[in-house]
Structure formats: C-alpha cells, structure tokens
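Letters A, B, C and D mark the chains as written, and numbering starts fresh at 1 in each.
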Amino acid sequence: MVTLGHFLLLSGLLMAIGLYGVLTRRNLIAVLMSVEILLNAAALAFASVAAFRDPSLFAGQVFALFIIVVAAAELSIGFAILLNVYRTHGAVTDDAIGEMRG
Amino acid sequence: MSYVELSYWIPLLPALGFVLLVLFGRSLPGRSSGWIATAVMAVVAVLSLGLLRDVILAAPGWDLAALLGGNHEEALAKAGSPDFPFRLEWTWLAIRGEAGIPLVIYIDALAAVVTAMVALASLFIHLFSIGYMHGEERYPTFFAYLQLFSAAMLAFVLAGNFFHSLLAWEVMGLMSYLLIGFLYKKKTAQQAQKKAFITTKLADLGFMLGLFWLYLLIGNFDLADLASEQTLALIGTGAAAAVGLLVFVAAMGKSAQFPLHVWLLDAMEGPTPVSAMIHAATMVAAGVYLTGRFYPLLLHGEVLWVVAWVGALTALFAAVLAPAYADVKKILAWSTVSQLGYMFLGLGVFGWAAAMFHLLAHAFFKALLFLGSGSMIHGAKTQDIFEMDRLKKYMPWTYWTFLVGALALMGIPPFAGFWSKDLILHAAEEHARFLWLVGLTAAFFTAFYTTRMIVIAFHKPAMPSPWKAAAWTQGAPWLNLGPNEAEPDPSPPEGHRPHESGAEMIAALLALAVLSLVVGFWGSPVFGYGLLTLVYWGDAPELLPAAKLMAGYVTGTLVALAGAGLAAYWYTADPLRPRAPVWLTAALQRRLYLDEFFYRALGALAQAPTYALELFDRYVVDALVDLVGYLSLVASSFLRHLQSGRFAVYALYMLLGALALYVGGVR
Amino acid sequence: MSQIPIPEDRHFRPRLLGYDPQKSRPWLERTVYSAYVFVFWLIVIGTYAGVPALFGALGWDSGWGFVLMRTLQVVLLFLLSAVIALLLILLLRKYLGKVQERYGPMHYGPAGGIQTVFDALKLLAKEDFVPAAADVLTFRLAPAITFVASFAMFAVIPFASGWVLADTNVGLIYLIAVSTLSAYGVLLGGVSSGNKWALIGALRAGAQMVSYEIPLALVFLTVAVWSGTLSLGGIVDAQLGLWNFLPLALPFVLYVIASLAELKHIPFDFPEAESELIAGYNVEYSGMSFAFFFLAEFVELFLLPALIVVFFFGGWHGPLFGLEPGSLAAGALESLYFTAKTAVWVWIFLWIRATLPRYRDDQLMEFAWKAMIPLALFGLVLAAYLRLIWR
Amino acid sequence: MSLTAFYALAAFVLVFAILAVTTASMVRAALSLAITFFLIAGLYLLLGSPALAAIQFMVNASAIPIMTLFIIMMTQSRTSAGPRSWQIAAGLLAAAAALVFFKGNVGHGDGQITPVSPETLGVNLLQAALLPFEVASVLLLLAMVGAIVLARRRAG
C-alpha cells in the first residue's frame, strides 16, 4: 500500500538531488534546472499531503498548481536574465559572473 | 415639467460643456467652441429665468399689484406655494445605508435670483469672449474653463448642503487659479495665479473649520437647518458667533475684503472676460452670498460689527487707492473691492436685503464695465488710460454702454447702483452713523475715480503715461517686489488707430447695459421694492418714510455729483492732476505697502521656526544617520569576506541558515 | 488532364499491371483512394468494435487482459497511421501535381497507387546515417518523440460515439500537453544534429510551434467553455443541435490557421523552408529516422483536421437512418461520417498548401503574438459571454 | 499494483533526476529533466489528481524544458563544466541535510487517497483560492513583461 511516507520520502530525495544540482552545477542554466527539480519536489510534497490528509479543502493541490505557476514565471525571468548575462559576459557559467565579490 | 424639476441641469449643463470642450475642443474649427459654450449658457439662462418665474409665482408675499398699491400687509399675507422653498434631494456619499451627505438643491427666492444673475452675466461674458479671445492659442480651453467656472458658481448658489457648497467653492478657487494664469507664459500671470490661489485657500480654511464645527454642533450640513430657530437654540450664541466669524473669513478671502484683498488686483493678469467673470458673476459674489446664507449665525454676538467695519474700511480704502492707478482694469478692480465692501457694510448694518440687491445690481454693471474695458483694450491695444486716444470718437458704442455702467457705479439716478447703494447707506445711517459717513466718503471717491477714468480714456488724446515712465526709469526697490508694476503692459504700436469692437461684443455690452437699468428699477421703491420683498428671508422690509428716503437720495446723489464734478473739473483741464509727491504715489500704487508687509511678515513668521529645525536636523538627525553609516562601514569590513561572488556558495549559506533555523526549533 | 501532352519517354517501360500512362483514368484513381479509405475504415471498426468484442467474448476485459486489449488496439492504430501516411502522401503528390498542371506519381500500381508503399520500402532499406558531430542518443530519440507525440493524440479522438481509447475528462488538457510535446522532437532533432542549418531550423520551428501553441490552447479552452466539458466525446455530444463552427466562428478560423502553423504547412513552413534552410531541422536524418518524422507529419495532417471536425463540425454526427445508436452498424456509419468530414478538411489543407506562398519569419511571429493571441482571447471572452446569456 | 507502479515511477524519477543534475551534456540534462517531470505527472495520477497531472505535463514537462532547450541553443552552452571538488562535498552535504527535512516514514499511515476531479479543483481554484489565482495571473503577466523587457535587444 502506498502511503504518505512513500511520497514524502521521494519528495525529500528529489529535493536532495535538486540541492545537489544547485550546489554543484557551474552552468547557470543547469542551476535553474536544478531549482526546477526543487520546486517540483515541493509541489509533489504538497500534492501528496493534500491527497492523503486533506480530502476536503484541496489547498495542497491548489498550492502545487501555484508552485508550477511560480516556477514558470521564475524560469522565464531567469532565462531572460541569463540571456543578458550571455550578451554581456559571453558565457553563462558561474566563473563568468563571479566579479561581485567583497 | 416645471423649471424647478429641471434645475439640476443648470449647473450640470455647463459642466457637461466643460467635459465636451476639454475632450473635443481642440478639434473644433474656428470660433465654434466659443459659440457652443455660449449656446450652453443661453440654455442655462433660459432655464434659470424659468426657475425665477416659478419662484416668483410660488413665493409668499409676492403680489406685484398689491406691492405697487402699497399694501404690504396684504401682499405678505398672501400664501405662496406650500412647497416653497423648493428642495430637490439625491442620496450621495451614503455609507452603509445611512443617509450620509445628501446632494441637495435648495431654491428659495435668493437662490433663484442669484442663479438668474449668474447665468445672465455669464452668458454675456461668454458672448463677449467669442470675439475678444479670438486668435488666442488655447481658445477652446478658455471656454472650457469659463464653463466649469460658471458651473461651479451655479452649483454653489443652488447648493442646499454646505458640504456641496464647499466643493463648488473649491472648484471655483481652482478655476480662478487656472483662468488668472490663463496666459501662463507671462511670469506675472503665474505669480498672480499663485497669489490668488494661496490667499483664497488660506481664507477657505475658515470655511472648512466653520463648516466642520457646525457639523459637530448640529450633525448635518443642511442649509435649511441653519435658519431654524431650534438649531440656533441648540448651538448657543458663542459657538454661532465663532462659526459665523470663521465663515466670514472665508468670505473675506473670496470677496477680497481687507486685509485679504491682496490677490484681486493681481488677478487682472487674466484676460479681461475672466476679470469680468470673477468680479461680477462668480468668485467675489460667492463670498457675499455665503455670508448672506450664514446670516442667522452672524446675528449673534458682535460679529455683525466686525462685518460692518471690515466692509466700510474696505470700501473707503479701495476707493481712495483707485485714483492712483492708470491701468483701466486695476481701477475697476479697486472699484470691485470697494463695492464689495459696501455689500459687507450693508450686511453688517442689518441691511441684508439691501446687500443682496447691491450684489445683483453690481454684478450687472460691473460685468458691463469690465466687458467695456475689454472692448477698450481690444480697440486701443493698451490698458493704460493715458495712452488711450479719444475713444469716444472711435468707439461710440463702447462709450455709451460704458457710461451707463459708470453712472450705475457712481450711484447716479436712475441707474442700478443708485438704488442699491442708497438702501445700504440708509441702513448704515440708522444703525451706525459713523459708518454711514465712511460710506458717503467712499461714494465720493467712487464718483471721483470713475469720472477720472472716463475723462482721461474717452475724451483726452493719448499721452505718455507718467506712471509707466516712472516704473521704467526709476527702478525703485518698491517696484521689484510685486509682480505687476515691474513689467508695465506694452504701449500700443506706433500709429495705432482705435476701432470699434465686433458685433457680438457690442451685443453683450448693450444687453448688460439694459439689465443694469432694469435690475435697479426692480428693487427701487418705484416698484415697491419688488426684488427685496421677493428675497427677504425674515420679516417684511420696513418701508422708509418718504421724507427720509428722499433726503437719503438727495444726499447720495449730491455726494456722487460732487466727486464726479471735481474729477471732471480737474482732469478735463489737466489729466496729470493732482501732482502728488512721489512717496504718496508710490505708497498708493504699492497699495500702502500692504502686500510687502504680508510678504515680509508672513515670511519671517514662517522662517523663524525653521532655523531651530535646521539646527536639530544638522546636529541630531544627520548625526544619527552618520552614525548608522559608520556602524555599517565597520560591520561590513568583516562581513564583506562572506561575499565570494560564487553562486553556489550563497546557496550553501542559505541552506546552512535553513538548517540552523531547523535545529533552533523553527518548524 | 487529357489535354496536357505527355512528353514521350523512350526509355520508360511500364512494368506493373500493364498501366499505360498515356491514358487518363480518373475512375481508377478514385478506386485506389477508395481502397485505402476502405482499409482505413476496416481498421477503425476492428480497433474500436472488433477487438473489444473479441476480448469481451473471451472474458479478458479486465486486469492484464484489458492491458492486452489496449495494446492490441494501439498496434492497430499504428497500422492505421501507416495507412493514413501512405494515403495522404499519395494524395498530396497527386493533388499538388494536378494543381501545378502535371501528373503526380503514376507508374507503380493503379494510377500510381502503390508508389508510396515503394517509397516507404526504400526508406526502410536505406542506411540510417548518424553524423559524426551528432549527439547520438538525442539524435535517435528525436524522431521517436515526434512520432509518439503525434500518435498519442489518437488516444482521445472519438471516431464514433464511444469509439475512443480514453474518453477522459481531461481530454482537452491532454491534447494541449501532447501537442506541446511534438515541439520536443523538432528541437532535439535540430540541436543534436550538430548542423547549423538544422539548429536554425529547429529554433524557428520551436519558436513557431510554441507561439502557435498558445492560440491553439486558447481555442481549446473556448470550445471547452462553450461545451462545458473537457472531454472530446462530451464536446461532440454538445453539438447535437448546432455545430460549433457557427457560434464559434472566430475561434474556428483561428484554429484552422494555428493548425496550419502547428503542421508547419504552407504558409507557415519555415522550419523546412527548402530554399533557405535546405529542409531545416531534419536535414541530417535519413532512412527510418526520417521516415518517422515523415510519418508524424502526415499523421498530424490527419489528426488536426479530425480535431476540427470534433470541435466544430459535430464529430461523428450524421443521419443514422433508423439504426440503433450504439450498435455496430451505427458505429460504423458514424465513423464513416467522421472520416468523410475529416477528408474534406484534409483536402482544404492540401488546397491551402498548393496555393499560398510562404510568410516571412518575423511576420509569422508578429502574426501569432499580435493578431492570433488577442483575437483568440477575444473569442474566449465572447464565447463565455454568449454562453452566459444563451444557456 | 499501485505500489508497484509507485516504485517503478519513483525509481525512474530518481534516476532521471540524478541524470538531470549530473550529465555534462546540457541537451541530455534537459531531456532527463523533461522525463523526470513526465514521471512526476504519473505520480500525480497515482495521487488521484488527473488535472494536476495534466498541468504538470503541460507546463513542467513540456513548456519548461522546451524553454530550457531554447536558452541552451541561444547561449551555445552544450556542455556544463564538471563540479569543483568542494562543490561536490557541499552538494552531498546539502543533499544529506535536505533528507533531514524530509525524513519521510515509509509505510506509515493508511493509504487512503481522495481523488480530486478537475471540476472540483477548478471550482475550488476559482472560489476558495480566487485571490491567489488572480495574484498568480498578475505574476505571470509581470513575468512576461519582465522577460520581454530583459531579453529585448536595446538599440545601439
């Protein structure tokens, strides 16, 4: 029988993978992709909790929906910024934009 | 449908006209925007005359035959319409189903009469402007402004709710600002519009305070409530007097009473029809009208004496100053201040109906005079009476109509000003003998400067203007402060021949001349004080004994004739008389240095606290800011090493922060 | 046709069925098309009526048996798509030939009727070549994704009442999702080829498909709002009284235009603009991989008109002549109506392809964003409003 | 059966997610990301929410990877440089930390799932969650405008 624990564990693993990607990727596009995985892990957690524990309100489902929306918005802006980074720096790696240090 | 039911269209139509002209005025060809605005005002005039007819039919105590027959008791006893005074009410600003502040149109005889006056005067000013403003760059805008100005005044007059009055009053203030600065490229016009706006706004504070105080006392803004006995009993004498005084301050600002008259002369920077509008139909009349409406409150305490003294002083002060001016519009402006002083004097000495009568009469003859001066300026291309060249010869129509207005202003029978001014003087004689003398002196000076203006402008050939020459050459310090004398108006081009104005301008002048005559008769004893009987709000006007009446008439006429005769005698011989010393001329032209005094005194008053505040700002506020900056500098010298520029490192910090929160128990 | 003189070809010898190209035989062409359509029809009946009946009779209609049944149906649908591709390619070539005043294929089979079969055989026999610069995995995957994306639409297409693989209540959303998917194949194919032309073609194709996806999805939503359901069967049922193309005239027109763009058909055929891009994103493909791109394109040439019919022309609706609804005969007749209506739209698409010139790239995008999307939004609001006041 | 389906899906989800964050080729990483999201759509189906699955399919599995592919093509970044050693360490640490947050208890609780029809979800979205819905639409509009403004080539 599938339980909430299964889904939460999967979500946590996805989150771990996403975090790993955010920290290890050097291409900023890949970093954004990892952020996507993080967001999806969160959405999955919301949706599964909603499905198992909150049958009346659907708030979790709606939340998952909004996470998807926010992800789309975030990504479009992120990519637009990366495009500008590419135009100004010639690359989209963390080395290229590491000039803001204290 | 009666005109009463249509009355809300009276302010609404010009407002709609304003919207129309603002939106589409630019795309209308030629003078059509002016004609549209005039047509709107014509409709409004018809509506307001119809309203007046309805009111005459409905008002109690109005029976022409009986009045002519002299049986006042019978005339007053005759019952009018039970609905009178008429009242139209709309729900407005209702909050959660409560009544809120209703939109009320309140039509008693006074409102109807003043509405008709405003509509008619405004109509003729519109008509005159069609020709006068021709060729102006913002022609449609001008008419749009005129429309809204008229709309605001009409709304103010018809308002049965003081909150609603306040709104209209403020719109009027705005429109006066916009119209005075209509020729906004002139620096002087900009200064004048600011001055007018700030002065009247300052005074408006009194209106607002009085109004809100009144609201605290009686719980609504309704006009009808104000007049009732219970209300007055409820308020108490002291509070009533205070409220009345506050409102009177607002009226002083709007109606240019000493010492808040300072804006009016500068307001001459607006185009001449604007001056006519402000001086005759709208702005300044509003103050008198408002005071008239608050009269029940003014009857308490000694407020009326304040009103009377302010009015009398203003009347005299302005009339004395006027002869020192060469600019025809400024002379007329002083005459307006003076005549408004008369109205307040009338109000102050219990001559309520007389003051209202004078308001009406003055509106027509002052509109006539201003439009006449506009015609003169248009034809002669100058505002300086010394530079006008025998205008009687070139502009006969303007001359004769202007003369009618001038005779009315001087108070020569049988013109309007005679009947109304005389009633005020009668009231003054009865209640305040000294003020009566002041009024008579003012009447003398009025006749004097009016005659001087006519003689020099219409009868004498052009000559170099002595005032203008002084302004250009002396460069005295007193010339640099105020806006107006610093840059005298340009002289007419070399060899310019004055010419008569266009047909519609003449038509407006003629109509106003006829009205100046008619209105006077309507309020005269010849017709049984018909107008006064109609508008009177309390007991019947006391009919003066014939002997006393005649004595007053003869005195007034003789004083006026004396002033006129002296002026005619002097100025026909030598336009530059009397050769006053420079300091006197300067003092008179600088309006007795009142403007400068206000400027300096108020400026000093306002600046004094700012020095203290500046010190506080420099040594307390700035020091704190500097401290914060220094602290953050110190802190950042350590923290800046955390900023590595590597994206992944930041992400790691974030994660460690989240972990710390988790470990710390935030879940 | 008979007026056009055929140039004499001395070296040519007709080899099959003794066909004489000098003779024009329109009836023969029609017979060939009819044969294809008949096969098509048979497969449809077999898929939607035969297989379930068979499994029902065997008692295998639950559990793994159900999975097996669906698998069999999908296999049959794959066969169906092959038939569709064979027929439509032939039709396209013939029809373009006629419009351009020449003969299309005519030497193999009756009236050239099995020319496309030989073409397919040729493609199968060709070497499947992978360029050295290509990313092999994605290069291989791209045509498969393209085909699957097109093919997956079959799952929700109702051929007759109840004749649908998945009459799901999210049918429309599924369609939007799947049609987005086909952009993947194109993009991946172009990117992984390691060829500049392919990359540019893929960028253009991707941009175009993504842009026209939006009005398409908006029209889907309009139809959903109008019909009050997301299920395709429900949409067809809702048109019983009035076909949607009348009340939804504006979305209908927009849908036709957007479909043309989704198909990458003239006048929107930039991704493959031969004269500029030497065929665009699929330039490096050959053999079977290319065949899949081709197959996908022609399956879509059938499916998008089919969706027009479902959304705007009453789907399978038509006079049943007293047949009992739900019976096999009624289903067969309904699927025939559906096919006939779809055929008309396929013909219109071919007609457009034969007559119009090509747009310019920036004009195309401007048209999508500045005309199509606002109009589609307007249509959506209008439909919602009309529905509020009418129903 | 649903447990089987879950394990199969979960295994593939994890495999492709790991591929998405480790593959050097960006195109392949994007593809893996897309597949991960497809499979998550499958998980939503298991959770009884076909509407969420369809939207996941439509937005996360289709639109977002396509956008990613676009940006990969436009910035010509075909491959990503490998991580530095300290990054790997940090990443592993982070992954471990994330698991602390989500220490799910497998096999705990009942398996009662309430399916949510698209209609219910839609009605709830437009009634209970109307304000967030509107805010989200404004957010999307802003994102669109922002993306256009940011990505536009400035004159000169």
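The rule is short, and it goes like this: a residue touches a chain if its C-beta (ideal position, glycine included) is under 8 Å from a C-beta of that chain, and two chains touch if they have at least 3 such contacts.
Chain by chain, the UniProt names read as follows: C = NADH-quinone oxidoreductase subunit H.
Note that the structure is a prediction, hence the values are computed from the model and not measured.
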item	value
Of A-B and A-D, pair with higher C-beta contact tally	A-D
Chain centre separation in whole Å, for subunit C relative to subunit B (CA means)	80
Centroid distance [mean C-alpha coordinates] between subunit D and subunit A, Å	6
Distance between the centres, which are taken as Cα means, of subunit B and subunit A, whole angstrom	69
Distance between chain centroids, defined by C-alpha means - subunit A, subunit C (Å)	36
Residues of subunit C whose C-beta touches two or more other chains	none
Per-residue overlap in subunit B, given as positions that touch at least 2 other chains	648, 651-652, 655
Junction residues of subunit A - those touching two or more other chains	19, 22-26
Chain contact topology (line, ring, star, complete or other)	other
Of all residues in subunit B, those that touch subunit A in their complex	636, 639-648, 651-652, 655
Residues on subunit D engaged by subunit B in the complex (per definition of touch)	87, 90, 94, 97, 100-101
Residues of subunit D touching subunit C in the complex	25, 27-28, 31, 34, 50-51, 53-55, 57-58, 61-63, 65-66, 69-70, 72-74, 117-119
Residue numbers on subunit B that touch subunit D, as the complex places them	648, 651-652, 655, 658-659, 662
Footprint of subunit A on subunit D - complex, ascending	2-3, 6, 10, 13-14, 17-18, 20-22, 26, 29-30, 33, 36-37, 40, 43-44, 46-49, 52, 55-56, 59-60, 63-64, 67-68, 70-72, 74-75, 77, 80-84, 87-88, 90-92, 94-99, 101-114, 116, 120-121, 124-125, 128-129, 132, 136, 139-140, 142-144, 146-151
